[in-house]
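Pasting in a structure now, in structure tokens, and then I'll have a few things to ask.
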Amino acid sequence: MLEQERVAESAALSGRATERLTNPYLRNEFGLETIDLNVGPQHPAMHGLLRLILELDGETVVRCDTVMGYLHRCQEKIAENRMYPAVIPLTDRLDYFANMHMEHGYCLAVEDMLDVEIPPRADAIRVLMCELMRLASHLPSTGFLMLELGAFTPILYAFRERERIQNIFEAVTGARMMFHYLRIGGVKADLPADIPERIWEYVESLEANLQRDFVDLIEGNEIFVARTRGVGRMSQEKAVEIGVTGPALRCTGVDFDIRRDYPYSWYPNVEFDVITDTGGDVEAGYRVRIGEIKQSIRIVKQVLEKLPEGEVMGDVSRRIRPPEGEGFGRVESPRGEFAVHVVSDGSDVPYRVHYRDPSFVNMQLLQEILPGHYLPDVIAIMGLIDPVSGGWDK
Amino acid sequence: MGTVIEYLNQEPWRFLVSFAAVLFLTLNLAAILTMSERKVAAYIQGRYGPNRVGPRGLLQPLADVFKLFTKENLSPSRADRWVFLAAPIAMFIPAAAIWLVVPFAPGAVVADLNIALLFFISITSIGALGVIMAGYGSRSNFALLGALRGAGQLISYEVPLILSMLGVAVLAGSLSLVDIVAAQDGGFWNWYFLPQFPMLIAFYVAGIAEIKRIPFDLPEGESEIVGGFMVEYSGMTWALIQASEFALMGLISAIGATLFFGGWQPPFEFLDFGNFNWIWFGLKAALIMFSFLWIRWTLPRLRMDQLMDFGWKILVPLTIFWLFITAGAVLAFPSVFG
Amino acid sequence: MGVMQKFNEPNIITTSTDKLFNWARKNSLWPLQFGLACCAIEMMSTGMAHNDLDRFGAGFFPASPRQSDVMIVSGTVTTKMAERMTRLYEQMPEPKWVIAMGACAISGGPFLDGYSVLMGADRVIPVDVYVPGCPPRPEALIFGVMTLQKKVERDQQVGYEKPRPALVTEDGEFLEYLPEREYGGISEGKAPRFENIRPLKRTYVFEREGMPVAAQTDVGWVPEKKHAEQGGGQEEPASPKGSKDYSAKKPESKDES
Amino acid sequence: MGVTLPQSDPQGRPEHYLEGFRNRHGLEESGVEGNVVTLVVNPNIVPAVLATARECLQIMHLSYITVVDRVGSFELTYELLDLRGVSVRVKTAIEGEEPVIDTVTGIYPTANWHEREAYDMFGVAFKGHPDMRRVYMWQDHFDHHPLLKSFEISTKRTFEGLR
């Protein structure tokens, strides 16, 4: 009884499933005898809840179809049901590996509508927190890449560093992951007195063991090179065409970084260079991330040296009612360009909030470059894009 | 007491008692190795392993085994039931049977076959059959992929395994492990890992591939095909497959110690303990086992085509080339190589 | 366990085997790798070096549900995922437990008025331990695992009937999808409580040495006087305010909830 | 062959883009403030406008497509970036309850999933889209478009006091 129901159900959805049940040696339109592998929502290497329906000929991927929505938490509908400051905790849960950047994007969008002047100290603290968050996101993403290639140890070292950063975040904002630290117009509270030294110490220690734990352990490894060089190679036109942004785009050589090209917040007073690579494959993505970690350390040091004095909250009235109109915020999150478009109708509640999530757009790469790769390469390419399911499913 | 041992020494009883002892050894070795794997992994990764169960965590394998005893044995509805249930047995046979020919101490070997190496090779190929049965039996795409990868890998890595052992057989002039160990007496400079160093490397790498451990972890690709051929197994059937995998690991290190590091031969004359020489055998096998554990937690996994290229294009030519050199050396200087 | 089923109330044989097997199950709870959302990151950092879940024997995260005992529902369960979650729960071999980690898995959390969010994992699968927090700290999850270990310790093979999972109706016939009503109710953001999941009797008591008996309640410590007038809430099960019977009528009448 | 991007300082470029659009298409409104060019365009010439942006003006990146449900009509905003500091916003308004507009997937392939998401959330149909399916919601029996203002959620907070 169950079987017939499933067959009927799949007949409705797509014809091939039923034909396969009756004739197992079915050939698809390319004349290949393929099996459908359902790399389902619960899978150790799917960076969250993504279901890839891979049509495999042996181990080579012939066609790939992504099914999303397994973590669709209706962020945009709920945002239309909250007052302006109350949406900030929701943005934390968007891309839960880059919480600070999400808050920053939303706050920039709303401040774009209000004509509020953000004190320089608040801007500097925001940049400091965002760069620490970038460290806490790039390190585990290299760790996940190695975990998916089969090495279990680098992820432990990555999370050891992330724990230390989370201790700093806890001291500053009070929470380990969901900070709700930024406010519209500034920052909730000033840095505690001992935090700058602690951050300086930590950044020094990270710089020391970054070479030992991450670069030496991974970069020279022949198996890592064999598994990642030339895998998921894409040309610059293809990457820009698909709208890929962030490390996945920079690894093909296009040097586009929102912090430099569309400067926001305190980034103009900080020098850093945009890391690009020419490979366009998974190994280039790894190198770009390691380079960006070094750049973030450089930025954190500069911010700590030039931390301006002053209060941390602009003069914003307790009840935020931006005038009718639209606000735009664009931020360079560790995965790419995170943009927020807020439409207000003059009331206390945003009329419409639209998040442009980098993981959602970068994932279109899967359908373009996967055919022709082996199944283990699919997992490596997921490591190149490093999407987060809270982001793409909104 | 003496008469009982006399009585037990006769043929039918001697074999049964020793086979029971070997089975007991295999299961315990598997349990100990699961525990040591988790502890070694933990210390490599900078954390404590299981240390809440019993004194410093030593009862952890006991807890795991008892829990797996009482787990429900599920088998998928569309699975081919008999093949599904026969697969763990087929994978456990090589791990248990080959201990019969391994010499633990002088005179302490269950069956002194004069074709011990041939016996070892033929039995390990049953393991490859077990993997295919497991993958086919559980009727899921992931298991099918794991089984096909396993078949390709295990069969194609038996060739370098065999060739790397032939070098030792040529030197020792016999296939029996007891003779091979006897031929390596004297100090460690007589052991065969010196003249047969490339063969040792080939044996070691093919051994890792034979026991399906990282970097040749493809049949059970943890992060790609979720559990490979083991994806549908639960409870005791899964425990039997895990036990066979760890026992085979212990076995490969035991055979490696016997062939290349002189079995129970002490490294120096004065360290000879007479009948207690099994300490040396245990120490050498343990060192090789530790190196397997060490490699598992540091290296990533190879891809299927790289695995095949490495096996056929590098290991097989290396072993054949070194086999000719050994044979030439034995013919050219019969006195030196005896 | 054929022989165990013959007895209908615990005796010397079943209690001693219970003690042994419960000790074994308690010390090797293998959680299924089932990370949904942000709580999955905290679950991962629980398994990592800083606070190590492997110390309790629970560090081995098998990826396939066949080899796991505990399903840690860590993150928001959306309706599209609820059906997958029940299927995974069905595939786990029998002595299985569920830890609902995080506010989303307990009751929908910050996404209360989400149209596609399931208001808590216990609407579709029976949950044993709830770990509140958004996301709960790794220490909280370890405390949840230890609480589950205490519950497993008191497990009885005989005389305790585990609740049926949701995808099995009264007469034991399998359901392929969640019943239509489940989808309907959810889209209005107030999904009714699924009535043939009988709430578990809250017999659990967390023993803390040196604390007064009254303090050992499962609702946390209540001051002495207040506790008395609450009728010593420890004995009778704290059932929710009366689970409404939704099966009969379509829940389109807005005023009822 | 790499992607050529304009040099870094966005001095005269917004005006240059505005010129490019003005003399190629009839724009309802257009304006430049700071580095942002805003165009309001009739819905049926949106693909043409974006084609000129892509081919003639080398604006390579379509950031996102926002749909706003103004109860009677739908307001679409196409945000284009030229990856060097200038962004172009093309706005259109589609009347009626059943919005239909031509797809831009041919010009900017990245719009594929943006349009699928717009269809899933608002029901805006994009003519000529390769596979117009829902992205987030489940396919079989959920025939609402959740982000429409008409799709009420039961726990709607009313802010009478603060409206």
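Labels A, B, C and D are assigned to the chains in the order they are written; within every chain, residues are numbered from 1.
Here is the rule we go by: a contact is a pair of C-beta atoms (placed from the backbone, for glycine too) under 8 Å apart; a residue touches a chain by one contact, two chains touch by 3 or more.
Worth saying up front: this structure is predicted, and the values here are computed from it rather than measured.
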Does A-B or C-D have more contacting C-beta pairs? A-B
Centre-most chain [mean C-alpha coordinates]: A
Chain whose average C-alpha position is farthest from chain A's own: B
Taking the mean of the C-alpha atoms as each chain's centre, how many Å separate chain C from chain D? 45
CA centroids of chain B and chain D: separation to the nearest Å works out as 62
Based only on mean CA positions, could you tell me how far chain A sits from chain D in angstrom? 23
Taking each residue of chain D in turn, which ones touch at least two of the other chains? 136-138, 146, 151, 153, 155-156
Within chain B, the set of residues that touch 2 or more other chains is 45-47, 222-223, 226
Can you tell me which residues of chain C touch two or more of the remaining chains? 48-50, 63, 80, 113-116
Pairs of chains in contact here are A-B, A-C, A-D, B-C, C-D
Contacting residues of chain C [partner chain A, same complex]: 33-38, 40-42, 44-45, 48-50, 63, 75-76, 78, 80-81, 84, 88, 110-111, 113-117, 134-135, 137, 174, 176
Taking the complex as given, what residues does chain A use to touch chain D? 12-13, 68-69, 72, 74, 76-77, 81-83, 236-237, 240-243, 245, 253-254, 256, 261-262, 319, 326, 328, 330, 337, 339, 341, 343, 347-349, 351-352, 354, 356, 360-361, 363-364, 393-394
Contact footprint of chain A on chain D as seen in their complex: 1-3, 5, 8, 36, 60-64, 66-69, 77, 79, 81, 83-85, 87, 108-110, 112-114, 117, 121, 134-140, 146-147, 151, 153, 155-157, 159, 162-163
Under the stated contact criterion, what part of chain B meets chain A in this complex? 41, 44-47, 141-142, 144-145, 214-215, 217, 221-226, 297-306
With touch defined as at the start, can you tell me which chain D residues reach chain C in the complex? 136-138, 141-142, 144, 146, 151, 153-156
